[in-house]
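A, B, C and D are the chain letters, set down in written order, and residue numbers restart from 1 in every chain.
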């Protein structure tokens, strides 16, 4: 089933009032969209953050299938998204709109300053597939690499990858 | 400091490239916005979900100060938001736009069907203060009350409430 | 040039502060995206509105090239989008997310109740290509067919089609 | 009637399927929100554009009532919003989020590069009250002052102001 058909069926259920929460095949469709992604774009121009995400991705995704995946970053200052109501979402949409990624991984602030960070995995049209959250850095005090690593693992684990 | 001034300072830092992540006083401002809320609206018309959230809120917030808080739900079918790219966000904005809540608590799907649920706490203009995530129900298999309860506790705990 | 490359160049100009407004080739790229669309989805389930838009589209687009265009509507109650901050945009995103349209045409309320209507033409990822506005119906008092017709013609004319 | 109550009634009508388009009192409520605004923020740091908007506003609004209106601009580089899917909307939200404006006037690109400009008038929570559009500058070739002036006049005229 294509994701457009899965969304259409869910929308029809919601319209008819008989939607009973997420279905196994919907979660599976999200998993396959991520596992089968050939062209992955990380919505950052920060080499350190990019390397952390790329290494974990190749470790997790490659084990699941052969290794002809392209993982690239974007060379734009995505901090501009910090002047929006949901920085992480707008960072992801920058990557969706300037590339032909199968999936985009974006990491940034959740909402207002002080609201901590969020990692989102989005598909080729900018739809949200999964995500994860971290408290504000002044609270969790972990280094950036560990934080990004656990965010990515959480975002994949919650839909059954790894 | 008012939240508008806190946001302005953070935006200026981002523009000048000297933003170094969330500040303690920004997290504290979010905490105070939630702890001092007199009028709290839960973006649901589902009595069961409303009761779970209200009970936990009054337990947590009341301990912190006296108890003249109003917690109410909305009597609109918020499932309509399921036909948007980020249902939880649009549910919250419905409550923000039809009430004069100091804070709104919304819970709904994160993104596409199968992407699991998210709880958001938003302020009077619809800005995101904090949030939390749960995997799709077909994966975590917990009952709705326990899920909502842990989502709310997580959303408050990550900014130091409780 | 692909639209992703055009967007990337414009974003780079904005980042470097040397963006000087829309370029001729950007407007031309939008025109070609619309004129070359094979699969057009109208974000409505209302037969009357659908017919008005379809007839004008085929009249305008067909003249420009041969006539193997598919124009279809969606069979979902898009009124659910009226419970969002920008109904017309969310109507369009419903059509983008449940179809593989090359372009989507959505028409709905601009903002709060009383703010009049807007027509948007969006591309396959949900990006806005062009649009047009009408005053609230209580003010302009024209019938729906004439209003939709002039909105569509305005949205196309402002980027040089027709 | 407060705007939250007007929105709630309209949302209920949409839920019950008996919404028949914008009502006169809804348009009047928008008019009053604009005419009674004491604190108006223009979402630009460009002195030239600011002056054009301020002069027309004071001319139109002042005639309607006495002249203790504050009209101010913001001192942030709002071009950052050009790296979002709807620049004009995100520019307006920057002004809403860093000020306590009664209304915000934002002007910027409608959508993708080449899509021309839009002017939006938003309320204190960031809701859209009215707006207007101009074709891409390469097409209309008018100077910026005339364009901004006619956009503002159109946005006010379509809801019966002036």
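Details
Simple rule for what comes next: contacts are C-beta pairs under 8 Å (C-beta built on N, C-alpha and C of every residue); 3 or more make two chains touch, one makes a residue touch a chain.
Small disclaimer: the values here were computed from a predicted structure and weren't measured.
Chain centres computed from CA atoms place B at the largest separation from subunit C. Here subunit C and subunit D face each other with the same set of residues for the most part; over half of the interface numbers are shared between them.
If you compare A-C with B-C, the chain pair joined by more contacting C-beta pairs is A-C. The distance from the centre of subunit A to the centre of subunit C, with each centre set as the mean of the Cα atoms, comes to 28 Å. In terms of their C-alpha centroids, the spacing between subunit C and subunit D amounts to 21 Å. The distance from the centre of subunit B to the centre of subunit C, with each centre set as the mean of the Cα atoms, comes to 33 Å.
Listed for subunit B are residues 7, 11, 14-15, 76, 80, 83, 85, 94, 97, 112, 126-127, each touching two or more other chains. Taken as a contact graph, the chains are fully connected, with every chain touching every other chain. Chain contact summary for the complex, subunit D toward subunit B: residues 2, 4-5, 7-8, 11-12, 15, 76-77, 80, 94, 96-100, 124-127. Listing the residues of subunit C that touch subunit B in their complex gives 76, 80-81, 83-85, 90, 93-94, 97, 112.
Remark: subunit A residues 3, 6-7, 9-11, 14-15, 17, 19, 21-30, 79-80, 82-83, 85-86, 89, 109-116, 118, 122-123, 126-139, 157-160 touch subunit B in the complex.
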